Amino acid sequence: MSAVVVRAMFRSHPDKPPHSEIMSRCIDACFDCVETCTACADACLSERDVGDLVACIRLNLDCAAVCGATGSIMSRSNKAGHPQLLEAHLANCIAFCRACADECDAHGDLHQHCAICAKTCRACAKACNAMLEAMRLPA
Amino acid sequence: MSAVVVRAMFRSHPDKPPHSEIMSRCIDACFDCVETCTACADACLSERDVGDLVACIRLNLDCAAVCGATGSIMSRSNKAGHPQLLEAHLANCIAFCRACADECDAHGDLHQHCAICAKTCRACAKACNAMLEAMRLPA
Amino acid sequence: MSAVVVRAMFRSHPDKPPHSEIMSRCIDACFDCVETCTACADACLSERDVGDLVACIRLNLDCAAVCGATGSIMSRSNKAGHPQLLEAHLANCIAFCRACADECDAHGDLHQHCAICAKTCRACAKACNAMLEAMRLPA
Amino acid sequence: MSAVVVRAMFRSHPDKPPHSEIMSRCIDACFDCVETCTACADACLSERDVGDLVACIRLNLDCAAVCGATGSIMSRSNKAGHPQLLEAHLANCIAFCRACADECDAHGDLHQHCAICAKTCRACAKACNAMLEAMRLPA
């Protein structure tokens, strides 16, 4: 989804969540990652060397699971008193995205879907990091 | 995510799934719907008249659950012999999207997030319908 | 989870949903199926003949996605006016469970995790069917 | 699901994952938590004082999202070289379970579904902690 629509959603949210610009981009990056990792796992399953891609498939599925949770948790992030939960989850999500990107990059020259997936995972890690930094700034 | 990236994923998928153009747009519309419905449910929770929005919140969460399943199932749609599973699931998904859109539209003038959500749900129903029609065409 | 706990949850639900006994068993069967299909997909990925199990892995992941959606939608099933959505979704879920069970059974003698998974999928289809029948009875 | 079935799945997993007894119980506790938190969120939505339960509903949905991810990630936990990802995710999951349990306990005397949910969340935190400790032991 264009982050524009997510941003419009948050502009009409009664709580006007802080960092809504950065948050919209982060939520969007998370669901992009769900989409790409799910598609990459399936493309790997169809490769002739699927036996060599098992670690990649597992990380793809893990990364999709974590990023889906991150996207939905962040959409509910106006939880007075629990910013530390979102911060810990974001740090965790970044670790999965980076591990998946590293794994995909390791054979990105053989499988273009892995190269694309690595790029999307890194973009998600970056967006999560920007959100983390925004949360840690003094209001 | 831009449907462009999803399409690039499927172009590098070893099976070259048929209808990949329509399918990419449909997968993208499904995850847009997950994103918007999740955000709409949360915005409704923050409205002063939350007690009047309970049916909307439930349909938002249902629609997010179904569209998330549709997006991931469609990414694995190259299941020789099981097109009827995807067809039935798509028909089901369309029904949830339309019910959620109708509910959101019913108070879209009061809550802009509901108006935006209704639009995204209808776009998802339309994309699922286009996919259904493509699958039913003789190859 | 023991269906006993789910049932206790619904007994303390303000709406006292009808069919709460059958519904509790069905929700429980759905999450059992998520659990088993996810584990079966992973066990298949570790088999030496993973290349022959790709269709099974895909159906496992699809069945887990659909059953997870069913379990959460049914937990919100007190949606006045929308029983037809749950009915259509249940019929859909039964189709995925049966397809996954058939696929798993086809090599259940080679891989015990597939035999166990087939049994869990059939139990879920049966529980969904019991729920469907209860909903269709005159109140 | 009875942890007995999950254990049987892992006994037939080609990799024979270590700690499979503790892991089976932990996966089972995670999906119990998904089930209970989803049902508690819905019961809260039907309470007359829903406006006072918004924080609880959000934590219920967050906890369900995180525990669902934990359950599926742990089912793929035989990821040589990435135990630190599972460890970080488990620590994160424990934090969400405890926050949700605390919130639910705060009004468990008013709403029995919250009291039941708090208990399930604490059981999940405990099972995740046992898994963490098992992973940290020298092999």
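Lettered A, B, C and D in written order, each chain numbered from 1.
Heads up, the rule we're going with is that a residue touches a chain if its C-beta (ideal position, glycine included) is under 8 Å from a C-beta of that chain, and two chains touch if they have at least 3 such contacts.
Worth saying up front: this structure is predicted, and the values here are computed from it rather than measured.
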A-B compared against B-D, more contacting pairs:
A-B
Going by average Cα coordinates, which chain is farthest removed from subunit C?
A
Can you give the whole-Å distance between the Cα centres of subunit A and subunit B?
19
Round to the nearest whole Å and give the separation of the Cα centres of subunit B and subunit D.
28
Out of subunit B, which residues touch more than one other chain, so two or more?
42, 45-46, 58, 61, 68, 72, 76
Name, in rising order, each residue of subunit D that touches subunit B in their complex.
42, 45-46, 50-51, 54, 57-58, 61
Complex interface listing, subunit A residues touching subunit D:
55, 58-59, 61-62, 65-66, 68-69, 72-73, 76, 79-80, 82, 84-85, 88-89, 91-92, 95-96, 99
Contacts from subunit A onto subunit B in the complex sit at residues 1, 5-6, 8-15, 27-28, 31-32, 34-36, 38-40, 42-43, 45-48, 64, 68, 71-72, 75-76, 78, 111-113, 116-117, 120
